[in-house]
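Data first, discussion second: the structure below is written as structure tokens.
All chains are identified by letter, namely A, B, C, D and E, in their written order; residue positions are counted from 1 within each chain.
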């Protein structure tokens, strides 16, 4: 597990709106980190800061030199004046034809190769975006709500796919998702974000955490239960939870999993 | 009296009629093109306070048409009855023989027209309050003799150019040619904003066989004119019909006309033609 | 203050006020070059006026309105952005005008006359005409304001909510074309276009709603006209360009405002 | 139950791609119709045809005169040159300030009233769009994946909200959704679309239908079971299913629920 | 074929070929009026050339490059669309040029020369210069093709994938400005802009990938130049406008193709 990307003490303000507060986040290879949190919690903002797309108001970013990233933004609009087939769009990611074809097969959109990007349906667009990210054989996959608008079967299949690729290629994954019930099964670290990090750790321990229940309610916890216990994949990482939502004392840090340093709230 | 004229050649024409008490303002500096001239507040004030405003007409100074429409001080020269105009037939190109061909507005290039303008201006000046008519008459008389002499001189000088055949870049020398009996073979384009077609240029090459040079105006950049002259196989002679290069001083109109004649003679004496 | 300055200010002010909302639409709908396009096509209007022997001003105005309709039709193909369509129309009509001018009539047509116009030569009659057209257009724009903004934000949402999208869009284009065509001969297209887009662009950075932006744009336009004319009067600079430069200065000032 | 909008024998082709095949659909007041189907099935296209935004290649559309529709498109992009607060955006829908404030409270985005539309997060945008549709007090609500990108609590709450408004205001609802497990509980009619109508009827009968299981697999059926049986709302509509996937004989039509006329596949 | 026709064709062809890809970018990036803006600012360049007493052509070229840099900087504010920014730059520089020309400079400057140029008087030297610049720019564009397309499709995706977005964007702008500046005096801005956008717009409707569009645009440009010059020769119409009209005709033909 190599460290790929690390953010320390990141703060982000838009005007007088504090969006991110003192966030520490560290991404490692072969590790899936999932950001969850209510709408407007700052998940996308944090992802963009990590990728260098948004300058944080304060904080530091460290990044493995020559890190190859596969990114899937939350939304994509392509100008209609640009003629662009799915195939050409994927090639722009810089992957070989072989890798592209393989990725297309995995995400189930081979048939769309010659379609125009602008004519794709919502779910098709998501699949194509994921294909581009995967085809690059990245060291780090960054996915902002990857299965948004994808049909039911696709959701399950794509999450499984991401998990599988993580194991095969050993790439790190940072993912934003609202599909608690689907995502929890395949993730190593869950970070529950709401401006600041509410709680984080292994999914099963996070879901038991009061801050989590606070944010998502018992219904969500229940839905998670249904899925995670159906799941046949075994986790070998221990699932301790570090939380400072109510400024509790820190447990010692045992792994490279993200850790939030405590600072007084601004 | 307060006078305003649109362009430099008109200033040259009226200067001799003015005395030390009179003021004269030229709107268009030699460097500005009438196409993108934008009036300044001082220009408007000068126009409104002027006793007499001279301009050729909308064909040349379109930007003046509107502000002068209501000003009684304005004198539109191309409306003067005493002017002589070049034959339309001579002007029009074989393939451009349409009814409403524009008149060549460079009317000051004919000394007779210069006299007519001077007469008209003198008349208007005399009618102004506070102007001594006799003095103006005297100045006009001097001017008439000078211009008559100039005419004679130019006729003599240009006599040897009668056999000369030349082409012009812009259709600007109708008055000049008419007065001095010169033979212009063809014009490349009728107006500066109209570019010639390819066929026209090709046909010009045919006629260029009989021509001895190409006359064009001196712009700050002559590259395309030079290229055309090369294409036609003619020496290029740059003329200055607007008097841009005439130094300040007395008798500028005569200098303008003499320069023009001298430049044309240079064409005849061009090494390529000797 | 001499009469001509008063007339110039009145004409400029009328254009500036109606240009606030219209210019905002130009900025939002990426029609910044609509004015230029109309000016280029004016040449064609002049030629047709000469050929068909109708009043040139009417011919030019008609030409502008036809161009606006052509733009609306081309926009329906959806594959090309508005600025591209404007570029195509502008250059095609100008080229056609230049070719026609050679084929018919040798009357000298001064292309640049439409570009530069002259604020200082505005007559009382001009002022009345511009003010009238501006008032009518302003009333129309205010009357249809919600529909106009709706189709600008999201055309399909507007259509589902019952807005007659095609009619409203056509209204906007024709209103804009009319104002430009009428004001073109008086103050020149350079000045109209500048008054349309520069104040609106300056207002963008300091406002948060469309109404606010349109209003502030009108205001900034008024400031630009006034200060430009004052500059022109006291430093004796050409009037039109001075107004444009005043507007540019205002825009540059808003750039200083730090962005959120 | 008044008929609001009806499409008969609608076909839609893009070039040589058949997207909709011989669809009949009828929407009535106080009735929730949900379109489900895999990505690229033509759900959005059908919605757009129903709304008159897309001309069908063939077919007829009938619409109640003066029908007031609240529409929520699948995606929204607003030019950044247009300064637009959420409040102004909502007002453009034509609702009164009162209605807007009430709707804002229901969708949970009151705090965003003065935010710029372009700065909203994905889920916030969805909530604002829904607010606009609701605030108009429409006769017919048309929602294309209304809770896409909305957080877990929001998803449940918004679906409940839609159901509640249907009952209170008696408006008809046409909805596209992939959240089988959430949506089934609150819907009256389910139409399973895949170019043509695969099967349709009451949710519980649809989920038992072979065509449904074909499309979504047993996993989806199972997830539905978990939710629909948790649900305490009673349906009074009988749930027969009409299917002609394998060109079976039709059952007699008993209600205004959508019906597909059988025609030979193109 | 007379010499001057050959030169004209060569100059036009060189511009048309490089205009294919560059014009496609102009269409995609909504920079249709980039050429016009540069032409308007040329006047300012001329004035500064005169005041600082440097070679006018160099001054104009420098002016164009500076304008391109200014555009890139303004684009970073993100609140305004490119066509609005171009409109602001274009009108501000023109106004400044007009004011300055009154204050300094006493050589006669002809704005029309920049607008209309004269294809038929292109010298062999002109042809060589244009061809050289076109070749260099074409090589650059092809060399950076993937990066250029990437930043046009989605700037953030490109940045994450390791493209140096700022550098590549600046390269594109400078390349475009250079070609326009060099070709402006020879063929005129009217013709360059038309060759940039009209063939690209025509190609949009009949192609499915960016490469294909750029290639077809070059081809259509060549057809337009050739047929325009032939028209000019046989019907004796002005050369530049004829080429533009040929291009417009090609565009109109593509409109006949039914849209999917």
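Annotations
Here is the rule we use: a contact is a pair of C-beta atoms (placed from the backbone, for glycine too) under 8 Å apart; a residue touches a chain by one contact, two chains touch by 3 or more.
Being a predicted model, the structure only gives us computed values, none of them experimental.
Both subunit A and subunit C are touched by D, E.
Graph distance from subunit A to subunit B, where chains that touch are one step apart, equals 2.
Chain centres computed from CA atoms place A at the largest separation from subunit C.
Which two chains touch most often is answered by the contact tally, and the pair is C-E. For subunit E, the chain with the farthest CA centroid is D. Here the CA centre of subunit B is 78 Å from the CA centre of subunit D. Averaged C-alpha coordinates put the centre of subunit D at 48 Å from the centre of subunit E. Remark: subunit C and subunit D have CA centroids separated by 43 Å (rounded to whole angstrom).
Rounded to whole angstrom units, the spacing between the C-alpha centres of subunit B and subunit C is 37. The multi-chain contact residues of subunit D, meaning those touching 2 or more other chains, are 14, 79, 81. For subunit C, the set of residues that touch two or more other chains comprises 27, 30, 79-81, 84, 98, 102, 111-112, 204, 237-238, 240-241.
Residues of subunit B found to touch two or more other chains are 35-36, 38, 40, 193-195, 197. Chains touching one another form the pairs A-C, A-D, A-E, B-C, B-E, C-D, C-E, D-E.
On the subunit B side of its complex with subunit C, the touching residues are 35-45, 48, 59, 62-63, 66-67, 70, 96, 98, 100-102, 190-191, 193-195, 197.
Put simply, subunit E touches subunit B in their complex at residues 2-5, 8, 56, 98, 101-102, 105-113, 116, 118, 120-123, 185, 229, 232-242. Looking at the complex, you find that subunit D touches subunit E at residues 14-15, 79-81.
Subunit C meets subunit A in the complex at residues 78-81, 84, 260. Residues 26-27, 30-33, 36, 77, 79-88, 91-92, 94-96, 98-99, 102, 111-112, 190, 193-194, 197-198, 201, 204-205, 236-238, 240-242, 244-245, 248, 251, 255, 259 of subunit E are the ones touching subunit C in the complex.
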